[in-house]
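As structure tokens, here come the structures.
Across the two complexes that follow, subunit A remains constant while its partner is subunit B and subsequently subunit C.
== the complex of A and B ==
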């Protein structure tokens, strides 16, 4: 789901970079406000877990592969601002070390996966926890994969409309949303199930240790 | 009759112009192999191959079953390969064609192993958070 370099037009990644810079500053202020000696080791550990999850590739139907994100567990344990900041760091490392996602696409990836993914998880958890806490965590985690997936697919699918050559050929990503949406969403619906199970496991542990924010 | 023969000849010449000729010969090619992080080949996906600085691709097509793109570089040394799948995977790879385009099967990879990069990433995460921890302690110390 991480968008590589060269897939997005400047008309997409430059406004996203401006938006992401503001969001990172907002998130950094959140970290500064909550900075204490017990928070940081936990945040480091779960950030490392999210980073590790990104390295475990699961084969998916159709010959492609995918991996869990870990953004829901960060968001449910630490809140949106810290989750967004930590997950942006994970995306940066994945881009620099593994070429998984590009640097020009980092703002879009961070906004979609870190901010929208985290916000989706928190909003759905708050909405559903009165009914059933376990189900709320599971649904929140599943949607934290699928909703950013839909956003990434839409951003990719819009590229042929945004930037074209004079002959009409796309300058950047060549497939439209009618192709990208099913191509991204179907595999991520499966990944979301694994993400939900894992998030539930970590969230229960965090609740037991009274780590939840 | 003579007119018919001339017409037939002209038609035959015109028909020949629609043929696609072919030549089969051995040449030294560069082979770029694309794969997913789990080692699965990036198979049957679209790619476009651009000579350095040009916007018109020299070659377009689909990777083969093993995720390979093969091309004959000629005099052009620097290339850019853009390969995409519909689900947003892909590469935008700039590279120099090897001086001799022969593909050596025994070439050892010079890039770090995946586990080394993973360990480096983990070290960076704990290192950065450790530094922030030290910074926060210093700030709180009167």
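== the complex of A and C ==
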């Protein structure tokens, strides 16, 4: 669900960049101490998986794309800070190597998909795991797609209000939230089911390999 | 341009990239695109083609939406169509031009943590790609007739587990090699 370059106004991406820089600094604190030869290969492997998942995308008329994220997986296995950093790296590589997303849209994409998606997954998993572990992982993964989707749709939908010509014509993204929200959320409700199944599959693999604490 | 190393190209790219978002005249954006294409060197048409293909699906879907809404309202906003498509094309072209000119790992060379993660992620992504191709070819060679869905499902499951195991083994090797070269030593630049 990346937003491509050129659809966000500077009034949106500049404050988002300031926020994202702070979040990246927070996430990177003590990173080198935490990364060792045991954790790093697992992180690289699941990051590459997230990277691959993000490349199989379906353009949506709401101005973004539909694809699985893999961010719930990263967050549940490695925690929020590492997941956010790793997913930001995934978005950076996809932007530079495939033109998917973009550098001006990177802060919004990273905050929505990496930080909010990861935080949603962790919070819901913690809340629900006492009832049923499998259901908790599935719900966390589904929401980690849908909640960032709503956020991305809202940011896009705000563009016609934020940046327009004196005659009211939009300068960046042309559709309001009344179009972007259903256009993004309806397909992502289905994509979230696939994300939940995939997350469960890899979650079980991680548990089998005793990666989870 | 001998004084331009990978890091300086990165800074230049980061400085120039936001410019199209401050320009709202399609003629200026068109001129910017022409200049960028002209300056892209011998590979300019390949970069332009790649940029067009990268934005095609997204921009086409949004542009079609704008055209349909415009037709319904009785006025299509051609200015916006030109402005948005030229802006996106210019920004993506700048990105591909940068990547074609500069090795990403060289540009990140001053940031050890970023280099470390990018090296592993890029290596993994390429490894995944190679393994998937091997599996696909092996599966095709074992099936003379069209495989049943049950076989495909079983193959996909086995492939997923093998992929994850192989990927972990591969990145463990890389991580151990990096350790032996001091990549995990905590230094002042961490």
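Note that in this section the second predicted complex is superposed on the first by the 201 of 213 C-alpha atoms of A that agree within 3 Å, B and C clash if a C-alpha of one lies under 4 Å from a C-alpha of the other, contacts with A are read in each partner's own complex, and residues count from 1 in each chain.
We take it that a residue touches a chain if its C-beta (ideal position, glycine included) is under 8 Å from a C-beta of that chain, and two chains touch if they have at least 3 such contacts.
All of these numbers come straight from a predicted model, not from anything done at the bench.
Enquirer: Could you check whether subunit B and subunit C clash or fit when both are placed on subunit A?
Expert: clash
Enquirer: So in the superposed three-chain picture, is A:160 touching just subunit B, just subunit C, both, or none of them (first/second/both/neither)?
Expert: neither
Enquirer: With both complexes overlaid on chain A, does A:201 touch subunit B (first), subunit C (second), both or neither?
Expert: second
Enquirer: Can A:35 be said to touch subunit B (first), subunit C (second), both, or neither?
Expert: Both partners, subunit B and subunit C.
Enquirer: Looking at A:47 after the superposition, I want to know if it touches subunit B, subunit C, both of them or none. Which is it: first, second, both, neither?
Expert: A:47: touches subunit B and subunit C.
Enquirer: Once the shared chain is lined up, is A:152 touching subunit B (first), subunit C (second), both, or neither of them?
Expert: The first partner, subunit B, only.
Enquirer: Contact-wise, after the overlay, does A:192 reach subunit B, subunit C, both or neither (first, second, both, neither)?
Expert: neither
Enquirer: Which holds for A:4: it touches subunit B only (first), subunit C only (second), both, or neither?
Expert: So A:4 meets both subunit B and subunit C here.
Enquirer: Under the stated touch criterion, which partner chain does A:114 make contact with: subunit B (first), subunit C (second), both, or neither?
Expert: Touch status of A:114: no partner.
Enquirer: Taking the superposition on A as described, I'd like to know which of subunit B and subunit C A:100 touches: first, second, both or neither.
Expert: Both subunit B and subunit C are touched by A:100.
Enquirer: Stretches 58-66, 94-102, 130-138 or 148-156 of subunit C: which one clashes with subunit B?
Expert: So the stretch of subunit C that bumps into subunit B is 58-66.
Enquirer: Mind sorting out which residues of subunit A both subunit B and subunit C touch, each in its own complex?
Expert: 4-7, 31, 35-37, 40-41, 43-44, 47-48, 51-52, 59, 63-65, 89-90, 93, 97-100, 102, 165, 173-175, 179
Enquirer: Please name which positions on subunit B make contact with subunit A in the complex.
Expert: Residue positions touching the partner: 36-38, 40-41, 43, 46, 55, 82, 84-92, 114, 117-118, 120-122, 124-126, 128-130, 132-133, 136-137.
Enquirer: Subunit B touches which residues of subunit A in the complex?
Expert: That would be residues 1-7, 31, 35-37, 40-41, 43-44, 47-48, 51-52, 55, 57-59, 63-65, 67, 89-90, 93-94, 97-100, 102, 152-153, 156, 165, 173-175, 179-180, 183-184, 187 of subunit A.
Enquirer: Can you name the residues of subunit C that touch subunit A in the complex?
Expert: 14, 17-18, 20-22, 24, 50-51, 54-55, 57-62, 64-66, 69, 77, 79-80, 83-84, 87-88, 90-92, 95-96, 98-99, 104, 112-114, 116-118, 120-125, 127-128, 160-161, 164, 167-168, 170-172, 174-176, 178-179, 184, 186, 190
Enquirer: With touch defined as at the start, can you tell me which subunit A residues reach subunit C in the complex?
Expert: Residues 4-10, 13, 28, 31-33, 35-37, 40-45, 47-49, 51-52, 59-61, 63-65, 85-86, 89-90, 93, 95-100, 102-104, 165, 169-175, 179, 201-202, 205, 209.
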